[in-house]
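In the two assemblies presented below, subunit A is common to both, partnered first by subunit B and then by subunit C.
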Partner chain A sequence: MDFYYGMAQLIGVHTLLGLSAYVVLLTGQVSMAQAGFFAIGAYLGGMLTVLSDWHIVPAMLLAAVATALVAAIVGFPALRVKGLMLVVATLAFGEAVRLFWFNFDYQVAKGDIQVGPLGGEGFKQIRFFPENGWTTGEVALFIWFWVVLVMLALWWMDRSRAGAVLRAVGEDELAAQSVGINLTSVKVAAMGAGGFIAGLGGAIYAHYTTHIEHSNFGVVLATFAIAYPILGGLSNVLGTLIAVIFIQGVLVEALRFLGDWRNLLFGALIVLAMNVRPDGLFDARVTRLLKRLLGFKADA
Partner chain B sequence: MLEVAALSKHFGGVRAVDELSLAVREGEVFGLIGPNGSGKSTTVNLICGVFPVTSGSITFAGEDITRLAAHRVLGAGIARTFQNIRLFGDLSVWQNLWVAQNSLDAKRSEGLISRWLGGARRGRAATEALLEFSGLGHRSGELARNLAFGEQRRLELARALAARPKMLLLDEPAAGMNAEEVGQLAERIKELKAGGITILLVEHVMELVMGVTDRIAVLNFGKKIAEGTPGEIQDNPAVREAYLGAA
Partner chain C sequence: MEDFWWNVLDTAQSILDGLMFGSIYALIGIGFTLIFGVMHKINLAYAAASIGGAYASLVVYVHLDAPALLVFLSAALASGLIGFLVYLCCFRFIPTERPLATLMSSVGMLIFIDEVVVHVTAGFPEPYPAIFDDVMLVIGPFWIRGDLLLIFGLSIVAMLVLLYVLYRTQLGIATRAVAQQPVAAQLCGISRETTNGLTFVISGMLGGLAGAMIGASVGVLSPLLALPLTVKGLIVTVIGGLGSIPGAIVAGLLVGAFENVFQFFRGVTERDMYVMLLLFFFLVVRPQGIFGRVSTRD
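Moving on, here comes the complex of A and B:
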């Protein structure tokens, strides 16, 4: 049973990561910085519970807010560039964040052991869950509470005017400006919202693994983050969830026997999927089909 | 209403617009014509803040809008359409109008959050009226990219009107239209004029320009070569030469 709880935790956290990239992708920006934001949330959240003895919920929320601020600040200069240049700029930022934590030491004595981030050795002993006697099942439930909350919020946002504005910017910046949309504020807002979600996911991640280190937050994680919404399509938030389940639940587990070759196959599969289904695995047509199969009335 | 004074735009060594001066009066339909590459669309883009101007000034309703950011030009009261239709294809017809409702009178009185998120109730009646006016009432839920060409043109005009502008810049609105559609467009422009909107019409289709405009300016190589009523322009030898290449 613990295997499935572990799976559920992983899928939940990666869904948050994917959704953080989804929001930014709606405005047409491919951000490779989401793993960096995730790392900021993970370290800050962990430091608040371990070093300051906070409860996990306020720790997560503060970490998420702080990450959102960093993301918004990064957003201003980064969003002046577009397309491939933005990919490079955000990638560089993500790596800078990773290297910051690689060099960051801040340890304090707690009882007879030293706790806190210790550079390359990572940040161990993020033991809020075990210390408070949470079972794996309870942790999984806790994670999914937040995943559902974020998905509902984004679902509602998607259907409000804000969602239409984000998509309008993603489709045609010149036309969006001509109807009075301020591109900078929309993109920075999307970046900030994405940062908040990534920070939230990172803080949760730090606590369920109990041990984080800089190498968790490299280019591979950044690639996963952006691959989820691209594979899932931008029709709605469910696409991202399904893509995470597909990649983490099906591919990673089913292809485990391939060993190191597995990562190569991921790349190939993503390239294949983007060629075969350029609007994502779950585009508007498939979504409609699924809705009909599940008995929802298909709307236009 | 709109005053363009000694406006120039150089792209490298090319003078796309060269010392152009225009004065569009409130409530009139002003035509801007000229051969391909004469600087008509560049002029529209300069007024809308898409490119920075090289020199000169643009004043609208007494306000200097020369260096206004592109998204603020609408707030000043100027909306536009594009030569090659630029709708939000993956948004529905309704959503295309919804995002464009940066309504001028609502702008100041409402909080940032409600303007950003809401406006559903406030805008609904106005949007429905606009859809009816554009003959798109039955297409409200359709994705914009699935519309027929003529419908897309009408939607783009409706989107420009959604913010209730004082002035419209129409950049070749009749491009690709058949004679019947051009006739409908002419009626629409007259209705808008009757409704008090000032219009700058950039166009190639002469029957439209001659039929609906009050005054016309003719551009060639970025310079104004003539200005006058449609009748005067038709009889102007310099205009004939620019268009036909012979005196």
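Moving on, here comes the complex of A and C:
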């Protein structure tokens, strides 16, 4: 049973990462900095519970707010450029964050051991869950509480004016600007929201793995972050969740017997999926179809 | 005072070494920028294809025991072929107005090529041949590695050939026409698909040469090179200005020299952080890049 709880934890954390990229993608911007934001949330969250003995919930929220601030600050210079330049700018920022933690030492003696981040060796002993006697099932439930909360919030946002504004910017910047939408503030807000979700996910990630190091947060993770919403489709938050379940659950776990060939298949499948379904698995047509099948009135 | 002069000499020496290594970055940057110029798309599989081509040329080296120059040439050819395959799999059949889809498919290709290399070589680094690696030129107080000088020379030759192709041949005119006005070019009877495909082959050949140069200068090839090379190549492309070939050359040399100086003074772990800062400096001060024009479209 613990194996399935572990799966649920992994899928939950990756869903948060994917959703953080989803918000930014709605405005038509591709941010490769999500792994960097995830790292900031992970290190800050871990430092708050380990070094300052905070409870995990306030630590997570503070880490998320701090990450959101960083994301918004990065947003200003980065959003001067757009499209493909932004991909490169955010990629570079994500790498800079990773390299920062690679060179960052801050250790404090606690009892007879040294705790805290230690450069290339990483940040060990983030033991909030085991120290407080949480079982794997409880941790999984805790993670999914946040995942559902974030998904509901995003779903609600999508149906409100804010969602319409984000999508308007994503569809056509010029048209959005001409109806009086302030592009910069919308994009910075989306970056900030994405940063908040990534920071939240990162803080949870740090606590459930108990050991983080800079190499966890490289380009590969950033690629995964944007791969989930793009593969899943941007018409719905569920697309991201389905893509995460498909990649982490089916490709990584169920195909484990394929060994190393799995990664090869993974690359080939992405290429194939994008050729066959350039709008993602869960595009507008599938959403309409599902709504009709489930008996909702087709309103999209 | 004595120390000061030694520092100046060391700095100059590391700039010199960096400039030579930077010519490889310039080649990679040109590849990204060429494809961007023609298709307005980024091919993220490009650096992986370059390393893949260099790996493919090992077949010639190991089995036929070919001379190093021939190995470099076959790396370029193999990488050109891979470039064409990348075009077919990731760009040809995906609608052009879906930038996210082609971005993602080229990422998938990057993973795929990387994994093929890992599988074929069992993940071990492979030795790569070099020319003049035992020659050391001494000019005044400076030392110049013979193999690096050769790499620099070969890169310059490759760039000159590319400029000749682009500005003096029919193919080059067609490529530039498609880059400037795709619709008008098609109306003049230029096939957009053929031109795009050929651009991938040409940039792939440059990349294969760059991959071979990296193998020659480091002495080994490793699949771990693909990701850092992608990041560096993209940075060079942006600093130089998207779509600008002279920009990519200047930016490649600049980044090479810059990172080598910081590697000398701050060590290898901090080096890339300063390169990122250089990029951010350009994004704030000159977002269109060194030679880029201010444009309003993607």
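Following the convention adopted for this analysis, the second predicted complex is superposed on the first by the 284 of 300 C-alpha atoms of A that agree within 3 Å, B and C clash if a C-alpha of one lies under 4 Å from a C-alpha of the other, contacts with A are read in each partner's own complex, and residues count from 1 in each chain.
Following the convention adopted for this analysis, a contact is a pair of C-beta atoms (placed from the backbone, for glycine too) under 8 Å apart; a residue touches a chain by one contact, two chains touch by 3 or more.
As the structure is a computational prediction, the values presented were derived from the model and not from experiment.
J.: Which chain, subunit B or subunit C, ends up touching more residues of subunit A in the combined arrangement?
T.: Counting contacted residues of subunit A, the larger count belongs to C.
J.: State whether A:Ala109 touches subunit B only (first), subunit C only (second), both chains, or neither.
T.: After superposition on chain A, A:Ala109 lies in contact with neither partner.
J.: I'd like to know which partner A:Ala162 touches here: subunit B for first, subunit C for second, both or neither.
T.: first
J.: Per the contact definition in the header, classify A:Met1: touching subunit B only (first), subunit C only (second), both, or neither.
T.: A:Met1: touches no partner chain.
J.: Contacts for A:Gln177 in the overlay, against subunit B (first) and subunit C (second): which applies, first, second, both or neither?
T.: first
J.: Would you tell me the residues on subunit A in contact with subunit B in one complex that are also in contact with subunit C in the other?
T.: Subunit A residues touching both partners: none found.
J.: For a test of understanding, state which residues of subunit C touch subunit A in their complex under the given definition.
T.: Interface residues on the subunit C side: 36, 41-42, 89-90, 93-95, 98-105, 107-116, 118-119, 227, 230-231, 234-235, 237-238, 242, 269-270, 272-273, 276-277, 279-280, 283-284, 287, 298.
J.: For a test of understanding, state which residues of subunit A touch subunit B in their complex under the given definition.
T.: Listed in rising order, the residues of subunit A that touch subunit B are 160-162, 164-165, 167-168, 171-172, 174-183, 299-300.
J.: Looking at the complex, which residues from subunit B come into contact with subunit A?
T.: 48-50, 69-75, 79-80, 82, 86-92, 95-96, 98-100, 102, 116-120, 141-142, 159-160, 162-163
J.: Given the complex with subunit C, which residues does subunit A contribute to the contact?
T.: 25, 30, 77-78, 80-85, 87-89, 91-93, 95-96, 99-100, 102-103, 120, 218-220, 223, 226-227, 230-231, 260-261, 263-264, 266-271, 273-275, 278-279
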